[in-house]
Every structure is written in C-alpha cells, then in structure tokens.
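The same chain A turns up in both complexes below, where it pairs with chain B and then with chain C.
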Partner chain A sequence: MIGFVILAIIALGGGIGVIVARQPVHSALFLIMNILALAIFYILLSAEFLAAAQVIVYAGAIMVLFLFVVTLLTAGKDDREPKENLAGQRLTAGILAVLVGGGLAVVGVLYPSRAIGLGLPHNFGNLRGMGVTLWGPDFIYLAAVALMLLTAAVGVLVLNRPRRQVKPAPRLEERES
Partner chain B sequence: MIVLQVVLLIIKIVLLIAILMGGFAYTMLLERRLLGFFQLRLGPNRVGPGGLLQPVADGLKMVLKEDLMPAGADPFVYRLAPVIALFTALCVDAVIPFGAPIHVFGLTVNLDIANPSIGLLIAFAFSSLGVYGLVLGGWASQNKYSLLGGIRASAQIISYELAMGLSVMGVLMMTGTANLEGIVLYQKHHGWLFFPQIIAFIIYFITAVAETNRTPFDLPEAESELVAGYHTEYSGMRFASYYIAEYINMITVSGIAVTLFFGGWLGPWLPPIIWFFIKVAIFLFIFIWIRATLPRFRYDRLMNFGWKVLLPAALIYFLGTAAFVSGLI
Partner chain C sequence: MIPLNWIVGLGAALFAIGAVGVMVRKNPLIMFMAAEMMWNAAALVFVAYARSFHAMSGQVMAFIIIGTAAAEVGIGLAIIVSVYHHRHRLDIDEVSQLKG
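Here is the complex of A and B:
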C-alpha cells in the first residue's frame, strides 16, 4: 500500500509536470518519469513482461524519438509563456476534467465490484501469459493491429513520395568511383 | 534470515560496482597500452610498474579538475545527464550471472544481484534507457556540437537497437527461456549457442559496438567533426562519468554476448567465474582491436547499413530459427 501511494504520487506528479513545464524537454522528462512509474506498477502486479515492454517500447524507443524531435526543434528557443489564442479554454477544460473525475468516483463508489477489477487472470502480463493471449484466442486482433500499422507505414511512404519524376542525383558511391 | 539476505544483497551490489569500476580502470589502461602497441609506440608506462598505477593518477586528476557549466546550460538536466548514463550502465549488470551459484556456510549464493525470469528483457530495458544520458547531455549543454552529438546518438542507437533485439530472439526461441541463468544451463547440455546462431551473433556484436558508441560507430563523439560530441562541455567527474559509462557498457555487452552465445561461466578445469572473466576479456580485446583497425563510418553508410543490411538479415535469420525450432525445416 505504501509503495502504491508513493508510486501514485510520482506518476501523478509526472503527469502534471508534463502540462506545467514550459520547456518541451522538461515535459518529455516528466512523461518518462510517469512511464517508469507505470512500469513499476506492473511489477507490483507481477506483470514483469508488461513492465519490461513498457520500458523498452515507451521509454526506450518512443520517448527517444520524441526527444530527438524536441531537441532538434527547440534548441535555443524562447521558453516563455506563449500568448493564449483561445480565451477560456483552461476554464472549460478544468470544468470537464472535474466532471469526468467526479463521475468516475461516483460510479466507483456505487458499483465497487465492477469498477475495480476483482483479481487478475492467471499468468497476467508475464511472458507466458502474454504469449498465450496474443497467439491463442486473440490472434485475430493481433493480426488486425499488425495489418493496420503496416498500412499506416506504407501510407506514410506513399504520401511522402516525390510528386514529379525528377532526374535523381548521382549516388555518392557512383560519384566516388 | 531476511536480514541476512538483505546484507548479502548489499554486499553483492557493492562488490559488483567495485568489480565494474576496477574493470573500467584497467580496461582503459589496457586500451591505451594496446593502442600504443598497435601504433608502434609504448603507451602510458611511467606511473607504477608497467603503468599499472596510471588509473589512480587519472582518477585523482579527474576529481581535482574544475567542474564547469556553460552559462546558457539547463542546470538540472546538465547535472542529471551523466548520472543517467552511469546509472543505467551499472544497472544492466545486475542480471548477468557471473558464475555458477556457490555454497558458503550452508548458504547458496547466486553470483548475480537478481535472477528474474525475464532477465534478458530487463537488461535490454535498462540499456535502452542509457541513450537519455547522451541526448540530454547534448541538449543541456546549449552548444551546437553537443546538440549534434546528442541527436546523432539518439538516431544511431534507435536504429541499431532493432537489429540487436531481433538478433537475440533466436537464442530465446532455442532455449525457451529469457532467464539468463537458464540460457547458460541450456548451453551446458546442448553446446554453445554460437554455433547454431553464428549469423545472429555477428549481428549482435556489430550492433553492440554501435550501441556503445565505439569506433567505427563513434559518430556521436566524432572528434574530427564535433569536437567531442555530447560531452564537449563536460569536465571533471561529470566527464569521467560519461567515460566510465562507456567502458562499463562495453563490459556489459561483452558479458551478455558471453552469456548468450559462449556458454557464460561454463568451462573445464578453472572455476566458473574465471572462465567468465576470461571470455569477457577476449571480447574487450576485440573491441580495442577494432578501434585500432577500422576508420569511422560515414553517416549515410551508417544508416544504410543499419536499416538495409543488419535489420533484414536479422529478420530473415530470426524467421529461419523460428521455422527450425517449430519443426518446419
């Protein structure tokens, strides 16, 4: 329980920090802090594979790409508070957030057994459990997601191909020889 | 009993860090002397017999150097970055088994800090965090050379991490476990995995050189273009942290290669831990040999090689291993 509270504070602090920090690199660091806290949550649920995957995929790959772009674009930029273009968006967002949070709390109190999961499935989130889930009954979803991601990747390549056929510049290898 | 286990754990952690620090110091000395011999000179041999006390002198010099920070730097991130680099480098070694479990005073002591069932994935998770030290250090220095070094580091390490992950998949499929001790014990009965997985090993080793930013993949700190890359602005112990992290990463990837492909601590006659250190030392020598022999990659070739050669090759070998393990061929 103590561990849960400490981790929850770290995770929430990370989440709030992402929004509050003015420097994009600091926001990215707070997001990494949040991701790592979630990974330790998975370990507390003895879902060790999910924890390792969380760190390798999100912290180790996606956030590095984020940082790559952020460091490339924001080096030496002014990091003061930007002028707000949409008046009152903070107020609206705040009211909506409070409403959603309050709604969730009410549902959680009224239907405790449904809102809070009762126990975890066998082998939850470890290597064997994940393998059985992904390659057993849920294989069709895995294939569907894989197909969708492949389509997205091919789509990016198609959208970014040069419009007109320009005569290609001689390749570096050829120029050398 | 629990108190005893905690004390044992702390002793093991302190010992591991001490071994790694000592390993770093003498790998560096070995590298400087060997590079000297490769270039027909002697290398540092003045401090102590045969230069053996050179690391002490270097350490003293690093501690006494002034710790500088550029005026425009981001103070918190600037101080955090070398810590991340060193911390992640040390953490990976916690799951590597250095030898067979030993029995002292009726206790069974595993020669690793932790032995999780997914040890290999934990090692990869920590090593994938190491790149933050480089990127953040380069960014926080507010220096264009540092920034270029940091950006190069992130692009290079992300590109080569994919091929590295695929290259060890074959080992996982053949042994059926991600536990590093289990992988070593499998090789006790079936022989070194190097023989069935030779292509995977070659890909692993190339990507390991790239992940540790060693020549010929040292583009993030290419001194002829970027002064010193991401650690240009660092001095004193912060600079030393980066340096230590690089050498400890070298020891770590060698240790993982030995564990996965060369039977870990297994070997006749000598005690297991000695075998482990001998195998790692051979790898370290190869690292130094490569540095003395090969010139640096050009950037476009680095990217082409990673994405168009290593990744497809690793993928094909991975699929071939899968077909073999499942009995298709």
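Here is the complex of A and C:
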C-alpha cells in the first residue's frame, strides 16, 4: 500500500507538472516521469510486456519525437501563454473537470468490484501470453494496429510532401498576343 | 496486492488532470501531451481490470492504446509543424477556422 501511495504521488505530480509547466520542454520531462510511474504500475499489475512497451514506445519513441518538435518550434522564443479570448473559459473548464474527475474517483474508490481469486493463469501478461493472445483469438486487433500505423506513416508523408510551386497557366490570349 | 478501486480512482484523477490541461492551455504541444496523459489513464484502468478479472483482453486493449498513441503523435505533430510553418505562432486559436 505504501508503494502504491508513493507511485500515485509520482504519477499525479507528473501529471500536474505537465499542465502547469511554463515551457513545453518541462512539460515533456514531467510527462516522462508520469509515464515511468505508470510503467511500474503495469509491472505491479503483472503486465510485464506492456510495461516494456510503455517504456520503449512512450518514453522512448513518442517523447523523443515530442522533444524534437519542441526544440524545432520553440527554441529561443518567449514561451508566455497567449492571452485567453473567451472570458471565464479557464475557470469553468477547471471547475467542471475537477467535478467530473473527483466524482469518478470517488465512485471508483467507494464501490470496489468483486475480486477474483489470487491465482493467476499461466503466462499472464508476459511476452508469451501476449503473443499467444495477439496471434490467436485477438488477431484482428493486431491487424488493426498494424493497418493504423501504416496509415499514419503514409499520412505523415502526405502532410509533409514538398509543395510544388504552382505556376498559373498562361492564358490563351496572352500566348497569342 | 494493490486494491483495484484505488487504481481506478488514480486513473480517474489522471484523466481529469489531462482534461484540464487540454481545456486550459493554449500551446498545442502541451495540449497534446495532456491528451497523451488521458490515453494513459484509460490504459492504466484497462490493465487494472485485466489483472482483476484474469482476462488478457484488457491488456490487448492497452496494447491498442499504445499503438494508437504512436500513430496519433506522428500525425498530430506533423499537423502542428505544418500549421506553424504557415502562421509562425504556437497558439491553438490560430487553427480555429478550417481555412488555409
């Protein structure tokens, strides 16, 4: 239980740090802290493969991509927050989100679900278990993720294609004159 | 073992923090990171229920979430960089209209 409290404090602190940090670089580092805390949660919940995937994919690939873009776009700029145009939007959003999140948390804590016995199935959550599940009964999800990643790669290529200079075609009269 | 309902509560709190970040901040990069945190909160709850019900399906859902987040970050950052090249400001209100 004490471990849970420490990890929860790290995760929540990282989360709050993401949204209050002034510079995007600090936000990214706080998000890495949050992600690593969640990876330790995955290990505690006997999801070893997902913990490794979380560290490799999230903390490795995704956050490095974020840091690349942050350094590309915000280096040497002033990072003050632009002024809010909608009056009272921040206050309303904060109050509503705290109400919803607090309500969900209270409901989640007050109404525990039934716990199933302690013995875990064989290969639960390790690499072999995930492989058997993903290539067996749940193959459609693996295919869906593969298709989605392929689509995203093609989409990024299309978004960043070099724009050709479009010259207006000479008009017919101009060409004749 | 950690009680399941406390982890669900933690997931709800992380989700709410991410929602506050998306609604309050105006830097598109930070909004994106807060959205990532909301994905992560959902994945945490999936994994907790998978552990509780001894079903691998929840972990498969968390796997899908990780894959989706990777695809989403690629596309989203490409869009942010593309918008920045047009407008030269990091402000989400720049893209409040769907107009080049």
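Operating definition for what follows: the second predicted complex is superposed on the first by the 135 of 177 C-alpha atoms of A that agree within 3 Å, B and C clash if a C-alpha of one lies under 4 Å from a C-alpha of the other, contacts with A are read in each partner's own complex, and residues count from 1 in each chain.
FYI, contacts are C-beta pairs under 8 Å (C-beta built on N, C-alpha and C of every residue); 3 or more make two chains touch, one makes a residue touch a chain.
Note that the coordinates shown come from a computational prediction; the quantities given were computed from them, not determined experimentally.
Superposition of the two structures on chain A shows chain C fitting alongside chain B with no clash. Shared-chain residue A:Ala153: touches chain C; no touch with chain B.
Judged by the touch definition given at the top, the superposed model places A:Pro24 against chain C, while chain B stays out of reach.
Residue contacts after overlaying the shared chain place A:Ile32 against chain B, while chain C stays out of touching range. Contacts of A:Ser46 after superposition on the shared chain: chain C is touched, whereas chain B is not. Look at A:Ala59: by the touch rule set out above, it reaches chain B but stays clear of chain C.
More residues of chain A lie in touch with C than with the remaining chain of the pair chain B and chain C. Of the two partner chains placed by superposition, A:Ile10 touches none, neither chain B nor chain C.
Superposition on chain A leaves chain B and chain C with their closest Cα atoms 13 Å from each other.
Shared contact residues of chain A with chain B and chain C: 49, 53, 61, 65, 72. Within the complex formed with chain A, the residues of chain B that make contact are 72, 74, 77, 116-118, 121-122, 124-126, 128-129, 131-132, 135-136, 138-139, 142, 144, 147, 150-151, 154-155, 157-158, 161, 165, 178, 300.
Residue ranges of chain A in contact with chain C, taken from their complex: 1, 3-4, 8, 11-12, 15-16, 18-19, 21, 24, 27-28, 31, 34-35, 38, 41-42, 44-47, 49-50, 53-54, 57-58, 61-62, 65-66, 69-70, 72-74, 77, 79, 81-82, 84-85, 89-90, 93-94, 97-98, 100-102, 104-106, 108-113, 115-116, 118, 120-121, 124-125, 129-130, 133-134, 138, 141, 144-145, 148-149, 151-153, 155-156, 159-160.
The part of chain A that touches chain B in the complex is made up of residues 23, 25-26, 29, 32, 48-49, 51-53, 55-56, 59-61, 64-65, 67-68, 71-72, 75-76, 126-127, 172. Those residues of chain C that touch chain A in the complex are listed here as 1-21, 23-27, 29-30, 32-34, 36-37, 40, 43-44, 47-54, 56-57, 59-60, 62-64, 66-75, 77-82, 84, 89-91, 93.
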